[in-house]
Amino acid sequence: MTQDALRHWRRDLHRHPEAAWCEFRTTTLIAQHLSELGFSIMLGDQLLASTLIMGREIDVEAQKARALHQGAHPEWLTRIDALTGVMGLWESGRPGPTLAFRFDIDAVEVEESQEASHLPGQGGWHSANPGWMHACAHDGHTAIGLVLAERIAALADRLTGRIKLFFQPAEEGCRGGKALAAGGQLDDVDALLALHIGIHASSGELVVNPTEFLCSTKFDVEFMGQAAHAGLEPNAGHNALAAACMATTAMLGIPRHRDGMTRINVGQLNGGSGRNVIPGHARLMGETRGATPALNDYMFNQVQQIVEGAALMQGATYHIRKQGEAIGIENSPALIEEIVPLAEGISLDTIHTRRFGASEDAGFLIERVQQHGGEAAYLILGANLAAPHHHPEFDFDEAVLAPGVALLEAWLLARLGR
Amino acid sequence: MTQDALRHWRRDLHRHPEAAWCEFRTTTLIAQHLSELGFSIMLGDQLLASTLIMGREIDVEAQKARALHQGAHPEWLTRIDALTGVMGLWESGRPGPTLAFRFDIDAVEVEESQEASHLPGQGGWHSANPGWMHACAHDGHTAIGLVLAERIAALADRLTGRIKLFFQPAEEGCRGGKALAAGGQLDDVDALLALHIGIHASSGELVVNPTEFLCSTKFDVEFMGQAAHAGLEPNAGHNALAAACMATTAMLGIPRHRDGMTRINVGQLNGGSGRNVIPGHARLMGETRGATPALNDYMFNQVQQIVEGAALMQGATYHIRKQGEAIGIENSPALIEEIVPLAEGISLDTIHTRRFGASEDAGFLIERVQQHGGEAAYLILGANLAAPHHHPEFDFDEAVLAPGVALLEAWLLARLGR
Amino acid sequence: MTQDALRHWRRDLHRHPEAAWCEFRTTTLIAQHLSELGFSIMLGDQLLASTLIMGREIDVEAQKARALHQGAHPEWLTRIDALTGVMGLWESGRPGPTLAFRFDIDAVEVEESQEASHLPGQGGWHSANPGWMHACAHDGHTAIGLVLAERIAALADRLTGRIKLFFQPAEEGCRGGKALAAGGQLDDVDALLALHIGIHASSGELVVNPTEFLCSTKFDVEFMGQAAHAGLEPNAGHNALAAACMATTAMLGIPRHRDGMTRINVGQLNGGSGRNVIPGHARLMGETRGATPALNDYMFNQVQQIVEGAALMQGATYHIRKQGEAIGIENSPALIEEIVPLAEGISLDTIHTRRFGASEDAGFLIERVQQHGGEAAYLILGANLAAPHHHPEFDFDEAVLAPGVALLEAWLLARLGR
Amino acid sequence: MTQDALRHWRRDLHRHPEAAWCEFRTTTLIAQHLSELGFSIMLGDQLLASTLIMGREIDVEAQKARALHQGAHPEWLTRIDALTGVMGLWESGRPGPTLAFRFDIDAVEVEESQEASHLPGQGGWHSANPGWMHACAHDGHTAIGLVLAERIAALADRLTGRIKLFFQPAEEGCRGGKALAAGGQLDDVDALLALHIGIHASSGELVVNPTEFLCSTKFDVEFMGQAAHAGLEPNAGHNALAAACMATTAMLGIPRHRDGMTRINVGQLNGGSGRNVIPGHARLMGETRGATPALNDYMFNQVQQIVEGAALMQGATYHIRKQGEAIGIENSPALIEEIVPLAEGISLDTIHTRRFGASEDAGFLIERVQQHGGEAAYLILGANLAAPHHHPEFDFDEAVLAPGVALLEAWLLARLGR
């Protein structure tokens, strides 16, 4: 029955993928479900420190209209002002610690495959939103959270303390985590678990200490120059596109670092207007990465220096805006030790250490909890995949969802059971 | 009465500016008017050599629908397959030479001013098509052509020979002239006149030998590389944006030329997709110019060499497409001499030589006529302006339209009158 | 006899070409000759404003030793401290105006031809200094000056006023003129003539109003970064060579100017040290040019902006040093009118206006005289050439030297004769 | 006594450092010493495959004259044609395996410190060759080889088989190893040892399995364009310096690689000639590195592609020349196991694995021996250092030389003793 519920939720969410900061349908369904189960509900604007929100440029009304059309819960949609994300708070009424879980809920910008072999298409639960797809298993994460909520309600009599279920918006691009961490709702949490499905581990495996989370900064750069007629007075322009091209070229040439892995990318550049107009404006989207915060800082500092110099070369001005950020993750050792026997108890093979090799803004949540004296860990729930993450044919073995719920439940009972 | 008709046509056209290759409304109105006056009508696809059409990427059905909505003549709209532009042929039925006139009919991509001082807005005949404006007086040129047609019909008994009125599409960006010249309808023309309103001359003046028409090539470049995950395997990409940036930088550095004025611009560049994806694709729009064909060729040859090298540096491929082209203009000397007394006869002050300083694809038509043994000239009909050409507040003194028609009529009578 | 003396001096100087600021032999021969004729002698350090000397990095002792070996006058060589150049002052002892002449004395860095057809080689008076050659006729200019001095001495009884013969060092690269102008010796000059042999005019012609003197700035840029081991800690470097490459690329891309001809060149770049060391130092040599001072200023301002930005991009510092400078020349109209009949009187065909098309630092001298209320002109003494200026086979028709002297003498007598 | 001999040789060599391919003095001293001890001598041109020699541009006669002046052995100097390096062959006359040792003999381009605290200066045995210094302990390696030769001679009665002592030229820049390996003298070697003093290990330590030898390619690139007068006809040039700048910029931007450490550097660039001449020629010196041969190949392939594209962009041609090369090293496991007890027998602390982190062209020798079925190993003989390798104040603890000889001797006896 748990398996049925999990499949139901997962497929419904898969059918309706929502971009970062646009998860209005998802947010209302979670709010409604948790509310019915007896959780207190806190919405996006009660959770997020607004000044730290990154990479959010959306048309709220259009997105709400779309969400409503796709089955968002009307009342909850009304209660949401503009920010997505939701937390459910379970009060046992009995003294005890506060445990928390984090599930990320957004989709990625991938056009879902229409190949006959692609399971969601076969089942008719493929993406209804062109260009967007749950190709990173956040639909699975959210389903686990929703069913875990059901289990908590079912176990109400046996629990002490408090439980917070965080459904985080905008994990893709590392845009939401920093604002959620700074929102304050994690400060009283004694222990936090987050998890991810897939990621170099197979069905039946659980990685309890993933490593090599990449630190990253996502940034936009805008160059403002002066347009001019390219034929009549080329000297009158300040070529913002030339500045952007120079900056791009120079960024790619930021030296490697002695201390380890770094990365730089300019993923998109758009500049200029008419063919015969010296470009007065250009904008680029980039990201730095580093194996450590220091390495990522080195990269981003170089980016800033390059942008300043490139603008100066063309007599242009510039603006750099952070659009996302991720830091490293180090699981609390005692929590790792606590998880291992629980996983084995439900027949999951535990793998101690495995390279994560990407960025995760759960890092901000984990850091926050640890800074306030709590414990936190990020787990990888292995799953056989049809194709790699972010691939148009991505799909994961749904059989891993139930053990996922079981593990979290086992931990809850171990900590809060009476 | 002529003045009234001119104002009527000009303002109607001004109200409904149409982009290059999208002049469906304009084309049908001309066709209907000339047809009613007794001209034989030839449409775009009978005039244009299709393989030489440049810079045409339009949604024909959407544009036709828009035109219809804005008053295009339904029957003519149906007769047009896809190409705009129209020629009216007047057969006097009496032997004699073939004279021709060229009027350009498209608008430019300028958002028309909403300042209170802007005359079209005061009169309610400002652009109904957001982002597009008759800011280069082609509305005036077309009005002159339409009223000249009326005069021809009125003078029917007094004329010999044949008259061709060419209403050319897509002069902006120099996209239509080359195809029109190659279409063959100019090959039997004994003498051709083209004119432009404004351009460094005042109301009451006529420049009979403008000089310094810039040769120009408009081009698009596409770089095709290989996208890759910028974090996971940066080495697997072929960075098309890096190629485009290098190419842009290098193009700006094409050396000046000993023999005279040259220009280069990359007016727009768009490359890449996701922030964390090494860009697999980039596209840029540029133009070269030169005071002579040889100078422009020098510039465009360098562009091609640079693009090839830049693609190679990144292991990318490329495609260069010409999107517009203009060559120089040299008026036939005898024709200049013929025009001067005619102009003075209607009290226009003739200025012999004045710098044009921009590009005009009438050059292809003039060259074609001259190559086939005919004469041709390009005249500047001076006009006081409210603001420079292509400016949002551009407007010209409509009082110059009637003398414009009078001059052309006088020439017709001088050549074809019996 | 004048012709013999001219040929003698010209060929002796041609045999011993000396680089800018190294004209020790030439300076002493002039000083000795003028001194013997009764002129007062002022040497380089009495003529030049030292802070404005440009492009001078020489080994004084080595050059003096070389000059001595090649026949420099030992006593005058001793009197010269370090700066070359000399002025001879003729005091008539009778009241009257002060007239001046300017002759440039340095050679260029060209390896003289060894072709059998090359006249200097045939006569054995080809360059004795490998890599250096009088390939710009300064040997002829100097010879004219020396023989003019003889004529002045011969005419002593017939003259009033004062005469200053300036033998300017370091015209090549436009390095000496600015310092000479600022030295003050021109401030009391009522009229100045300078001349150049050749330059687009033939034997028997005199151009009295050459135009289009190019303004130019010669500059060196030094980038100082931080060297680092390219393998062990590439991140620790500040790559001065990368800055220099970016700057070079960007300088080549300085936009053309609406108002006329501009030029930019980076003629030499040297950067870095060991193969495995991130370059901590780089240096480039460049020049800007412009048809007017404003155009050259535009170019050099852009250079400065680019250098600053490029250094910033790499976290490097920089130093820009002017190494040469030339401004425009406008002959005093009345002086032009005065010269024409004198030229015709000695059977020179006068050409009013012809394009000069290169740079000349006589401009500073002419400007200085004109600013102090005097008149000044730059003349082109036409000459048939064996090959263009600065070519290894350059040679000019020596027959033009005598009319050159005759013209200057005629002017002297017209102004100072009693 | 061994210690005295070691110190004597080491300091004499330190006093006379010789650049790669210039080790004429060193080669003759070794040849003479080994010859006197009874070794057969083979000289550079008998050892090296000439087509694989890299990075050798020397003035042989000048270097030989310098060497003679500094005490080279005259007869051996005569026997040397042009190539440095020497091998001594010891024939025991008794059947047995062939063992070999490799010692590198060249110095580095470092100006030795004149600080009072610098030991070589105190002792008067600091570098006599300005700009060159034994700052990488090759003087110590050579001294060990010379004294080992003495020990072999002393042990003559107790040995079987054959011993080859290779004194390799031009290790710095990885220029000589490839040619030596291909020369064929290693093909019959059953086991080879090479060693290096210092390198992250202290006196008394021996690293038996150093790892992370960097693969590297040293290369020069020459761009040949077309010079032209930058003022008169800038369009006529093909700017080789512009190509070199573009290439340099692009090389710095070669993407990082998923699989591990890579490096790129352009250590020196020289281009152009006169300030007013568009550069017709430019040359750069660079190097790539990679943690594996595949990674280094990736980098060097990109370099080649970039150079080709950059040349094309400017209409220039190019030439790439390899100037040095290093591959990885993997010690033969059984040989490692054999060395450990021998080292412990002479009280050296053995360290199994430690990062080398630089390039070593002994890799070619080791690969050659292993490919022919032999065993080979590279050892690090730890030594306390006064300053890091290649530092002007580099000096090592000479006390480590004697244990070095002792270890090699112990191995010889273990293998060849009877």
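To keep things simple, chains are lettered A, B, C and D as they appear, and every chain counts its residues starting from 1.
Quick note on the criterion: a contact is a pair of C-beta atoms (placed from the backbone, for glycine too) under 8 Å apart; a residue touches a chain by one contact, two chains touch by 3 or more.
Keep in mind that this is a model prediction, so the values were computed, not measured.
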For this session: Weigh B-C against A-C on C-beta contact pairs and write down the one with more.
Result: A-C
Exercise. From the centre of chain B, which chain's CA centre is farthest?
Worked result: D
Exercise. If you average the CA atoms of chain B and of chain C, how far apart do the two points sit, in angstrom?
Worked result: 51
Exercise. So how far apart, in whole Å, are chain A and chain C when each is placed at the average of its C-alpha atoms?
Worked result: 69
Problem set entry | Sequence positions of chain D contacting 2 or more other chains | 232, 234, 239, 242, 246, 249-250, 252-253, 255-256, 263, 278
Problem set entry | chain C partner contacts - residues on chain D that touch it in the complex | 109, 173, 214, 216, 218, 230-232, 234, 239, 241-242, 244-246, 248-249, 252, 263-279, 282, 285-287, 289, 323-324, 357-359
Seminar exercise, completed: Contacts from chain A onto chain C in the complex sit at residues 232-237, 239, 242, 246, 250, 253, 255-259, 278, 298, 305-306, 308-315
Problem set entry | Of all residues in chain C, those that touch chain B in their complex | 249-250, 252-253, 255-256, 261-263
